[in-house]
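The same chain A turns up in both complexes below, where it pairs with chain B and then with chain C.
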Partner chain A sequence: MQVVKKALQQPVSLILFIAAIIILAIAPQYAKRYTVISLITILMYVNLTMSWTIFSGPTNYISLASAGFFGVGVYLTAVFGRELPLYALAIMGGGISLGLAILIGLLTLRLKGVYFILFTFGVSALLRHSISWWEATITGTVGRFVRGPGNETVYYYLLGVTVLVFVTAYVVRNTKFGLALQGIGENEEAAAHIGINVTLYKIAGFGLSAIFMGATGAIMANRWTYIDPTIAFNPLISFLPVLMAIFGGTSRLAGPILGATIFTLLQEYLITSYPYYYMLLMGITLIVVILFLPEGLLGLMSRLVERLSRIKVIKEFIARFRSA
Partner chain B sequence: MFANFLDIVITGLILGGIYALVAVGLNLQYGVGRVLNVAHGEFIMLGAFLTFSLFTQFNVNPLLALLIIGPGLFLIGYVVHQILFQYLRSTSITTDIFSGRSLLVSFGLLFVTQNIMLIVWGADLRQYTYLNNSISIFGTRYAMNRIVALIFAVGISVGFYLFINRSRLGKAIRAAAEDAEMANIVGVNIRQVLGICFGLGAMLAGMAGMLISLMFQLQASRGLEYTVIAIVVVVFGGLGSINGSLIGGFILGLVISFVNFLDPSLSLIAFYAIFMLLLIVRPSGILGRRAHAGR
Partner chain C sequence: MLLQGENLTKSYGGLMAVHDAAFHVNEGEILGLIGPNGAGKTTLFNLISGAVEPTSGTITFKNENITGKKPHQICKKGIGRTFQSSKLFNGMTVFDNVFMAIQFGQSTGMSDKDARARVLELLDYVNLIHEQHTIIRDLSIGVQKRVEIARSLATKPDLLLLDEVMAGLNPSEVESSMELISKIRDQGITVFMIEHVMKAIMSVCDRIVVFHNGTNLVEGTPAEVSSNPTVIKVYLGE
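And now, the complex of A and B:
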C-alpha cells in the first residue's frame, strides 16, 4: 500500500507513464507497418533490459543467463506453438524460466563476481548445445517452423509484459525487497549480519527477473518463421541487455528504458545505413560510452543539468520560476 | 587399439597445446590485469588470418611468420592496454567496477576487431595447405602439419613456462598476479608490467592462431569459440595461476580429444559440463588458491 501512496506522490511521473502506455497502445492503428516492427524490437529490448536490471542493477551480480531464459521461452513456442494459445505459452515460458532461475540460484550461492558471470554464461551455452545435440542425435531434426499470430498480436502481448515489468520493477525498488537487494550489492556480508536473508532475496530477485525474460521469449518466437537453438539462444541476447542498462544508467527506472530504446534505434539506423561497418561503429560506440559515460545517459543528463544550473542567467530564471 | 590410443593422445596434445597457449594468454590479461578480455579470440583469429595472408600473398613460411606475428600482436596488445584499459583503471573506484567496465570495453574491442577482419578477409571460410604430406608413426599415418603444430605448441608452452618461472620479468609478473599493490610497493613498475602482460597475452593468442591456421579452416566470426575455450581452461587451472593454465590446457585437451573419439557432437557439451561442474565444486581451479575465489 505504501508503494501506491508513493506512486501517487509523484503525479508527473505517473501521468507520463500512463500517457506513454496509452500512446503505445493506440500506435498500431495509426503507424506504418515498419514502425510497428521497430516498436516490437524496442519493446523486446526494453523488457529484457528492465527485467535484467531488477536483479543485476542493485546487486551488481552481472547475469549473462538472459539468453538462456529468453531461449527457453522461444523454444517453448517453437515446440508447442500449434497446440497452445499465446497467453498460455507466455505464462509457461515465464514459469519454466523461473524454475530454471531458482535452480541456477541454488547452484551459484557460493559464486561471486566474475565466477557468477561465467557460470550464467555457461548455462545459456550449455542449454543451446544440449538442445542442438538432442535434436541432431535423438529426434533427427534441427530447427522448427513457427506460424504464429500477426505482428499486432505480438506487439500487444509485449506491451502487456512491458507494463508488468515496469510495475514490478517499481514495486521492488520502493519496498524492503529492493532495499535488501541494494544492501546485498553494497556489502553482502554486512547485509547478512543485519538480518537480511541474503540467499532468499538473491534467489527471489533472480527468479523474478527471469520470469519476464521467458515470457518475452515465448512471445517473440512468433516474429521469426524459422527457429533453431542457435537463433533461440543467441549469445547476443545475454550481452545486449547488460550494455543497454549500463548505456542508460541503472540508478533510476527510466535508465534501462532510455538505454534500450536509444540503443535499439541506433542499431537499426546503423544496420540500414552502414550494413558493412555496423559492428565496427557499434563497437566504437560501446567503448566510448563505457570510457566516458560511466553512469550512463542518466549520469550525463544530471551532469548537464548541474552544469547548466551553474550558468547565471539560468540560475536566475530558475529562482524566479520557483518564487512565482 | 594402440593406434587409436596414440591418435587420441596426439590429437589431445595438439589441442592441449593450443588450449594452453590461449589460456595462458587470457590468464595474463585477467589473472594479472583483471581484464576479462572477451576479444581474446579475435586476436587468435587475427594471428591466423595474418599467417594466411603472409603465406598466400607473400609466400612467407607460416612457421617463420611467427617472428612477425608475435611481436606485431604484442605491440597491438600493449598499445590497446596503455590507451584504453589504463585510462579505465585510473577512472574506476574499485577493482570490481574496473572488472565490469573492462569486460564491456573488451566487448567493444571484439566488435571492432571482428568487423575489421570481416572487411579485410570477408566472411568466407579460408584455408591454405602447407606441409600436408603424411608421415608414419608406429604404422599410422599423420599429416605432417599436425606433427609440426604439436612440436610448436609444446615448444612454445615449455618456453613460456621457463620464461615465467625463471626470468626476472616472469617473477615480476607472478608477483603482480599474487598482489598487484604489494608488488608495486616492493618496486615492480606495475603500469609497465600490466601493459606487458596484456601484450604477451595478445602475442600468445596470435601464436595459437598461427597453429590453428595450420590445421583448421578459418572464419572471422569464430573468435568467440576460442575465447570461451580460453575462459574454461583459465578457470580450470585457477585464475592468476599461469602454471595451472599450462597444465590445465593439456589435461582438457586430452579429455576433449577422448570425448571427440567417442562422439564428436558431444565435445562442446562435455566442455560446458566440465566447466560448470568445476565452478560449483572447486571455483578456484586445480592449482588456484582458495583466496582467489572470493574476488
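And now, the complex of A and C:
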C-alpha cells in the first residue's frame, strides 16, 4: 500500500512510465517491420538488465548466471514450442528458472566476491554442456527448429514482461525487501546482526531476478528459427546485462533501461555502419564509460543538468518558468 | 542470570580460540571483559551473537538455549552488538543506518512514522542528531562508534555487547562514552563490554572477567581484579 502511495507522489515519473507503455503498445501498428525487430532486441535487453539489477544492483553480488536462466527458457520453447501456447511457456520458463536460482542460491550464496562470479558463470556453462552432451550421446540430435508465432506476438509478450519486471523492481526498491538487499550489499555481517535474515533475502532476490530472465528466454526463442545449446546459452547473455547496467548506472530505476536501450542502439548502428571496426569501437566506448562515468549515463545526465542550471540564461529561464 | 555460557570451545583446526570457557552475565549489570590480545574475547562475542558457531558448549539467554542460532535470530531475541572495527552501512546516512535496525531488528513491527520518530530519539540519545544526514564514510571513528551504539540500541536489546567502543577515541570522547554506557544501563539494558581502556573499564564496570588463552582466568569486582596477582602476571609478565 505504501508503495502505491509513493508511486502516486511521483506523478511525473508515473505519467512518463504510462505514456512510454502506451507508445510502445501502439508502435507496431505504425512502425516499420525493421523497427519492430529492433524494439524486440531492445526489450529483451531491457528485461534482462532490469532483472539482473534487481538482485545484483543493491547486493553487489555480480551474477553471471543470466545466460543459464535465459537459456533454460529458450530451450523450453525449443522442446515444447509445438505443444504448448506461448504464455504457458513463458510462465514455465520463469518458474523453472526460479527453481534453478533457488537451488544455485542455496549452494552458492555463501560464496563472496570473485568466487560467486565464477561459480555463476560456471553454472551457465554447465547447463550448456550438459544439454549438448545429452543431445549428442542420448538423443543423437543436435539443435532444433522452432516455428513460433510472428514478431508482433513476441513483441507484445516481451513488453508484458517489461511492465512486470519494471513494477517488480519498483516495488522491491521501495519496500523493506530492497532495504534488506541494500544492507547486504553494504555490509552483510552487520545486516545479519541487526536482524536481517540474509540467506532468505539473498535467495529471494536471486530467484526473483531469474524469473523474468527465464520468461524472456522462452519468448525470445521464437525469434530464432534454429536453436542449439550454443545459441540458447550464449555467454554474451551473461555479460551484456552487467555491461548495460554499468553503462546506464544502477542508482535509479531508469539506469538499466537507459543503458540497455542506448547500448543496443549503439551496437546496431556500429554493426551496420562500421562492420569491420564494430568490436573495436564498442570496446573503446565501454572503456571510456567505465573510466569517466563511474555512475553511468545517469551520472552523466545529472551532471549535465547541474552544469546547465548554472548557466545564467538557463537559470533565469527556470526561475521564470517556476514563478509562472 | 540473563546470559550464561558453559564449557564453550571454538577451535579453528588445531587452534583453540576459545577453550572450555564459562561466564555469566547478571541482569542489569555492566560486565567488563578484559585480557591480552588474542585471548579470545572477540571470538566469545562472536559465539554469543551467532556470527560463529561454537565447536562445543552451550549458551543460555533468558533460560533459553541459543547455541548455534543465526545472528538475525539472536538479534530478535534481544542481544545487540557493536563491532571492534566498525561495520556500518558506509554508503548510507546515519539516519538510514539506525532506521534499518528498527525496521529489521525489533521483534514487533513499527509503522514508518513511528520508526522515523524513534530514529531521531535514538540519535538524540547518543548526541548525533546534527549528523543524521551525513554519509557514514565521511565521519570520524569516534562518531562512527556512536552510530554503532545507536544502531544496536535500535534493535531493542535487553543485552548489549560492546566490542571496544572506546578504541581510537580521544580522552574527552572516552569520557562521554563512559557516561553513555552508564546511561544505557540505567535505562535497564544489561551491558557486556570488551575494553582495553583500563581507566574506563575500572570505573564503569560492576564486575570484570579476565580472559587468557581462550578461557576465563579470574573474575571479580574491578578492585579485586586489579590487585589479583595472576592478572598482573598475565598482563605484565613475570
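Everything below uses one rule, namely that the second predicted complex is superposed on the first by the 311 of 324 C-alpha atoms of A that agree within 3 Å, B and C clash if a C-alpha of one lies under 4 Å from a C-alpha of the other, contacts with A are read in each partner's own complex, and residues count from 1 in each chain.
Just so it is clear, a residue touches a chain if its C-beta (ideal position, glycine included) is under 8 Å from a C-beta of that chain, and two chains touch if they have at least 3 such contacts.
Note that the coordinates shown come from a computational prediction; the quantities given were computed from them, not determined experimentally.
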Would you mind checking whether chain B and chain C clash or fit side by side on chain A after the superposition? fit
Quick note, chain A centre (C-alpha) to chain B and to chain C: the enclosed angle in degrees to the nearest 10 is 80
Is A:I246 in contact with chain B, with chain C, with both, or with neither (first, second, both, neither)? first
Considering only the touch criterion stated at the top, classify A:G183 as touching first (chain B), second (chain C), both, or neither. second
More residues of chain A in touch with chain C or with chain B? B
With the two complexes superposed on chain A, say which partner A:A192 touches: chain B (first), chain C (second), both, or neither. second
Looking at the overlay, what does A:W133 touch: chain B (first), chain C (second), both, or neither? first
Looking at A:L291, would you say it contacts chain B, chain C, both, or neither? Reply first, second, both or neither. first
Is A:G113 contacted by the first partner chain B, the second partner chain C, both or neither? first
Quote the smallest CA-to-CA distance from chain B to chain C in the superposed model, rounded to whole Å. 11
In the complex of these two chains, what residues of chain C are touching chain A? 49-51, 70-72, 75-76, 80-81, 83, 87-92, 100-101, 103-106, 112, 151-152, 154-155
Chain A residues touching chain C in their complex are 2, 176, 179-180, 182-183, 186-187, 189-199
Once bound in the complex, which stretches of chain B touch chain A? 30, 36, 84, 87-88, 91-92, 96, 99-101, 103-105, 107-116, 118-119, 224, 228, 231, 235, 239, 265-266, 268-269, 272-273, 275-276, 279-280, 283, 293-295
In their shared complex, chain B is touched by residues of chain A numbered 60, 62, 107-108, 110-115, 117-119, 122-123, 125-126, 129-130, 133, 136-137, 235, 239, 242-243, 246, 276-280, 282-287, 290-291, 294
